[in-house]
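Presented sequentially are two complexes of chain A, the first with chain B as partner and the second with chain C.
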Partner chain A sequence: MVEKVLEVKSLRTVFSTEGGELRAVDDVSFSVSAGKTLGIVGESGCGKSVTSLSIMRLIPRPSGSIESGQILYRGQDLLGLSSEEMRRIRGNEISMIFQEPMTSLNPVFTIGYQVSEAIVLHQRLTLRDARSRAIEMFELVGIPSPAKRVDEYPHQLSGGMRQRVMIAMALACHPKVLIADEPTTALDVTVQAQILDLLRDLQQKVGMALILITHDLGVVAEVADDVVVMYAGRVVEQGSVKEIFKNPKMPYTRGLLRSSPTLTLDSGGRLRRGRLETIPGIVPSLLSLPKGCRFQDRCSSVLEACRGNEPELRLISSDSDSRHLIRCVRDI
Partner chain B sequence: MLFYIVRKLLATVPTLFGVALIVFVLFNMVGGDPTYQMLGRHASEQQIQEVRHEYGFDQPKPVQFLTYLKQIATFDYGRSFATRQPISQMILEGAGPSLSLMIPAFLITTILSVGIGLLVAYFKGRSLDRFVVVVCVFGMSVPMLAYILFGQYFLAYRWGWFPISGYESTWPDRIQYILMPMLIFVIVSLGYDVRFYRAAILEETTQDYVRTARAKGLSEFEVFFRHVLKNSMVPILTNIVLEIPLLILGAFLLESFFGIPGLGSITIDAVNNSDFPVIKAMTTLVSFLYILGNLATDILYVVVDPRVRLK
Partner chain C sequence: MSLTLGAEVILSVRNLVKSYPVRGGLLSREIGSVQAVSNVSFEIRKGETFGLVGESGCGKSTLGRTILRLTEASSGQIYFKGQDITALGQSDLRKLRRQMQMIFQDPYASLNPRMTVESIIGEPLDIHRLCRSKAERRERIFNLLDRCGLRREAISRYPHEFSGGQRQRICIARALAVEPEFIVCDEPVSALDVSIQAQIVNLMQDLQKDLGLTYLFIAHDLKVVQHISNRVAVMYLGKIVETATADELYLRPKHPYSQALLSAIPIADPSRKRERIVLKGDIPSPLRPPSGCYFHPRCSRSREKCQLEGPQLENDAASQDGVHAISCHYPG
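This part shows the complex of A and B:
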C-alpha cells in the first residue's frame, strides 16, 4: 500500500454572501498518494479551485471559511494547525500553481528574487545561495539561459515562461504535494503540452503527489491516475482514470466526455471529425439548488426519483487499488 | 536611466511653453488693459502712456510674449503695481514663511496618512479600520474655515495655547506662529489622504500575486509590507507629487487668516489689488511647479516600477 500523502475527508467550505450562505465545497473526500496524480474536473464554478485553496488554507476571509472536514497531510490535520505552522507547510510541503501566469507573479520583483524568497524562507539559505538554487530550478523547468533570466522581471517573459517560473517557485523546496489549478488554461496549445510534460517529468523525478485541477478531460486522461468529477460543490463521480474513461456512469461525466473535441484519423488517413456535443444549461447557482440531484435540470436521463432526496455517493465497483463511486440514482 | 530622464526633461519643454502661452493669452490679450485698473479713472493720458510704456503694453503682442518668456527665464517679473517692489524679491521673501509652514505640514501629513493608510489597510474590516474611516469622512466634511475659527477662538483666544495670528521672521520665534496653521492643515488633509492611500493599498491586496506570495508561505506581514507596499508606491507617489503645487493654494487661506506673509498672502493681496504682474508671476510659478512635480513623479516611477523603463 502506497502512503497517502494527502487525504481530504468530508471537506465543506462555505462563503457568506449577501444572498445567503453558499457551500462552494460540500462534503468532498479524496486522497492522493506519493508519485500519483489526481485529476479534479468539472465546469467553472463547481468548487474545484475552492477545494484547492481550502487545502492551502488560503480561502479569502472573512467571507469564506472551512466549516467542517479534515485535511490530513501525512496523517496530520492541517485544519488544526496554527497559522504559523501552516505557513511552514505552504510552499514547502504543499505548493500550488495558479491558472493565471500573467498576473500571479509580482510585477515589481525579479523572478529570481521571487523564487529565492521561498527558498530563503523554508530552507534558511542566504539570498546568494538561494539565487543559485533559483537558477538551478529555472534550468530544471526549461527556462533558456537561466543565469541571465534570473534578474528579469515578469513583464519581460511570455506566458509559458511565467508559468515555468511559477512551477520553479512551487517546486523550489521539493514539496510532497503540488496542486496545479488549471496550470495550462491561459496558455497556447503548444505551450500547454510542454508544461504538462514538464509537470509529469518533474513528478517522476521528485516523486511528489500531484493534484491537477482542470476542465480539460484530455489532460486528465493523459496525466492522471485517479479522477474526481465535481458538480456544484459535490463529488459526483470518482475512480481511477482507466475505469472512468472506459466506463463512465454519471450522466454528467458522460456529458463532459462527449463535449471534449476528438481528432482522429479514419482508415483512409483522413481527418474524422467527431460531433462535438454540449451539456445544455449552466451550473445552477449554489444559492438556489434544486431539491434532489443537483444535475437534474441538465440531465438527459432524469427520472422522477432524481427530484426526491439527493442521492448519496455510492460504491458501484472496486478493485485492488481503486473504488468507483457515483452520485446517481440510476442503475447503469 | 539617464536617457529616460533626459527624454522626460525634453518632453516638458513644449508643455512649459504651452503653459506660458496660455497664461500670456489670458493675461495680456483676454484680460483687458490693466493700466486703467491700476491708475483709476482720473489718470491723465500722459500717466497712462508712461505706465503702458514701463510695463511694455505699448509693444506689439509677439514682442510682449518674448518679454514674458525672458521674464520667466531670468526670473525677473518686473515690479508690482501696488508696492512697486521687484516681484522676484517679493516671491523670494514670501517663500521663506510659506515653506516654513508648508514643508513641515506636508511632511507630517504624508508620513501620517501613508502610515495610517497602511495600518488600516492591514487591519481591513476590523473595528480600527471602520473607526478610522468614519473619522476620515468626518474630517473631510468639515471645511477648513471651521477649523480656523475653532482654533483661533478656543485654542488661541480662550485657552491661550497659541498666538491668534502673526509672524516673526527670526528662528525659533516663528515656530509658535506656525504651529496652529500647520495643525489645521494636517487635520484637513489627513481625511482625504488616508482614505486615498487605504484604497490604493487595498486595490493591490486583491491582486493575484498576493495569493502567490501567501501560497509561498510568507507571513501576512511580509506579504503586506514587501509585496503589496512596493506595488502601491505608484499611486502613493503620484498623489504626493500632485499635492505639492496645491500646497501653495492650500496656504492661501491659512496664511491670510494667520497673518503669515507668505506666497499665499502675497497672491491674495495681489488679487484684491488687481496687481496684474504679481498674479501673472504667481500663476506662472504654480503652473511650472506642477509640471516639474509631474516630471519628478515620472522619474520616481522608474525606481519603483520596473515596467516603466521599457515603455
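This part shows the complex of A and C:
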C-alpha cells in the first residue's frame, strides 16, 4: 500500500460577500499518494483554485475561511497548525506553482535570488550554498547555461523559462507534494509539452505527489493517474483516469469530454468534423444554486428526482487501486 | 474540402511584409527592424475557413490586422475581390470595412463598458448609414441578437451583465451588423471555457453556412483550428512554413515544425499513446533570426544546407489535392 501523502476530507471553504455566504468549495474529499498525479478539472468558478489555496492555507482573510474539514499531510491535520508551523510546511513540504509565471515572480530581484530566498528560509543554508543549490535546480529543470541565467531578471526570460524558474523554486526544497495550478495554461503547446514532460521526469526522480489543476482534459489524460471533476464547488465525478475517460458517467463529465474537438477519423479516413456537442447555459452563480443537483439546468438527461434533494457522491464501481464515484441520481 | 477549391478567390495576399523599426542608442535612431510578417503569400476562397496557427510571437495576429489595414503593410499586396487594398484612401477604406470585419480574442476588452448592447451593435449601422429609421435599426439589432443566440432583452443591457460566452456573441453580432463577406477571427474562443468554446464554434459554423461567410481563423489551439478550417497554414517566426487542407495537415504533416506542433496537442484519451516530438529550446528572437531556415536550430533534420539557405514555400508534388505546400529542404 502506497502512503497517502495528502488527504483532503470534507473540505468546505466559504467566502462572505455582499450577496451572502458563498461556498466556493463544498464538502470536497480526495487523496494523493507519493509518486502519483491527481488531476482536478473543471471550468472557471468550479472551486479548483480555492481548493488548492485551502490546502496551502492561503485563503484571503477575513472574507474567506475554511469552515470545516480536514487536510491531512502525512496524517497531520494542517488546519490545526499555527501560522508559524504552517510556514515551515508551505514551500518546504508542500509547494505550489501558479498559473501566471509573469506575475508570480518579483520583477526587481534576480531569479537566482528569488529561488535562493526560499532555500535559505527553509533549509538553513548560507546564501552562497543556496545559490549553488539554485543553479543545480535550474539545471534540473532544463534552463540552459544556469550559472549565467541565475543573475538574470524575470523580464529577460521567455514565458516557458519563467515557468521553469517557478518550478525550480517550488522544487528547491524537495517537497513531498507539489500543487500545480494551471501550470501550462499561459504557454504555447510545444512549451506545454516540454513543461509536462519535465514535471513527469522530476516526479519520477524525486517521487513526490503531484496535484495538477487544469481545465484541459487533454493534459489530465496525458499526465494524471486519478481525476477529480468539480462543478460549482462540488466533486461530481472521481476515479482513475483510465476509467473516467473510458466510462464517464456524470453528464457534466461527458459534456466536457465531447465539447472539445477530438481529432479522430471517420470511417472514410477523414477528420471527424460535425457539430460539437455543447453544454447549454453557463455555470450557476454560487449564490443562487438550484435546489437539488447543481447541474440540473444544463443537463440533457435531467429527471424529476434531480430537482429534489441534491444527490450524494456514490460509489459505482471499484477495483484494486481506484474507486469510481459520481454525484448523479441516474443509473447510466 | 474540394467544394471550396472551385470557388472564387476572395482574398489574395502576395509577398506581404510587415516590419517594425527597432530604435536604440542615444538619439533613438533606427538601428534595425523586426519582420513580424515576412514575405507571406496565400489565397482564401469564398465560403471557406482558412486557419492560421502558430505560437505566440509568430506574427499571426499581425498578419490578420495587416489584412484589414488596422496596421499598414510595409510591402506586398493584399487583393480583396481582385482589388489591391493596400493603396486605398480613407473613404474607400471605410467602404471596404463593410465587407471585412474582425472578431477579437478578448470579449472583455473589445466591448466598451459604457455602451449598451443596442449602441454597440447599432454603431456600425450608423457609421455605414444602413438604417433609414429608428424602428428599422431596432429591428435589425433584434434580428442580429436572435441570430447570435442572445435574448432580445439584452438590447438595453451593458457588457458587464453578460458572461464571457455571451459577450463573444455580442462581438459576433457587431461584426455581422454590416453584413460582411469576410471576417478575421483572432483567437475568438481562446478566452472561453471548454463548454462555451463549443457553443461559439458551432455558432460560427452555423453563421457561415447560412450567410456564406468566409473566415480567416487565427488561433494557437490546433484542435479548434483543425476542427473549423478547410485549409490551414502554419506560421513560424513570421513565415508560413506549411499549408494544406486540414485533413492533409493532420494526417500527413511534412514540415518538422508542424509535426512537432501536432504531436504536442494533448488528447483527452489516455488509451491513445502517441510519439511526442518535444522541441528543444525557445522560439528565437525575431530581432536576430537564425541564418538560412529559421527553424534549423530546433530541427532534428537540420543539415548544412539548412543553415545556409532559407527554403521557399513550394507545392508538394506528391500531394493528392494539389494544395499542400511546404517550406523545407528535407520534408518528410
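Just so it is clear, the second predicted complex is superposed on the first by the 319 of 332 C-alpha atoms of A that agree within 3 Å, B and C clash if a C-alpha of one lies under 4 Å from a C-alpha of the other, contacts with A are read in each partner's own complex, and residues count from 1 in each chain.
Assume a contact is a pair of C-beta atoms (placed from the backbone, for glycine too) under 8 Å apart; a residue touches a chain by one contact, two chains touch by 3 or more.
Quick caveat, the model's predicted, so the values are computed rather than measured.
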| item | value |
| --- | --- |
| Chain C versus chain B on the shared chain A, clash or fit after superposition | fit |
| Touching partner for A:89 - first (chain B), second (chain C), both, neither | first |
| Partner chain(s) touched by A:58 [first = chain B, second = chain C, both, neither] | first |
| Chain B versus chain C as contact partner of A:216, first or second or both or neither | second |
| Per-residue contact with chain A, leading partner among chain C and chain B | C |
| First, second, both or neither for A:155, with chain B first and chain C second | first |
| Partner chain(s) touched by A:275 [first = chain B, second = chain C, both, neither] | second |
| Nearest Cα pair across chain B and chain C, whole Å | 6 |
| Touching residues (chain side chain A, partner chain C) in the complex | 43-44, 144, 158-161, 188-194, 196-197, 215-222, 241-242, 245-246, 255-257, 259-263, 265, 269-271, 273, 275-280, 282 |
| Chain B to chain A touching residues, read off their complex | 125, 207-209, 211-219, 227, 230-231, 304-307, 310 |
| Chain B-facing residues of chain A, complex | 56, 58, 62, 87-92, 95-96, 98, 100, 103-110, 117-118, 121-122, 153, 155-156, 166, 169-170 |
| Of chain C, residues touching chain A in the complex | 55-56, 163, 165, 193-199, 201-202, 205, 220-224, 226-227, 246-247, 250-251, 260-261, 263-271, 276, 278-279, 281-283 |
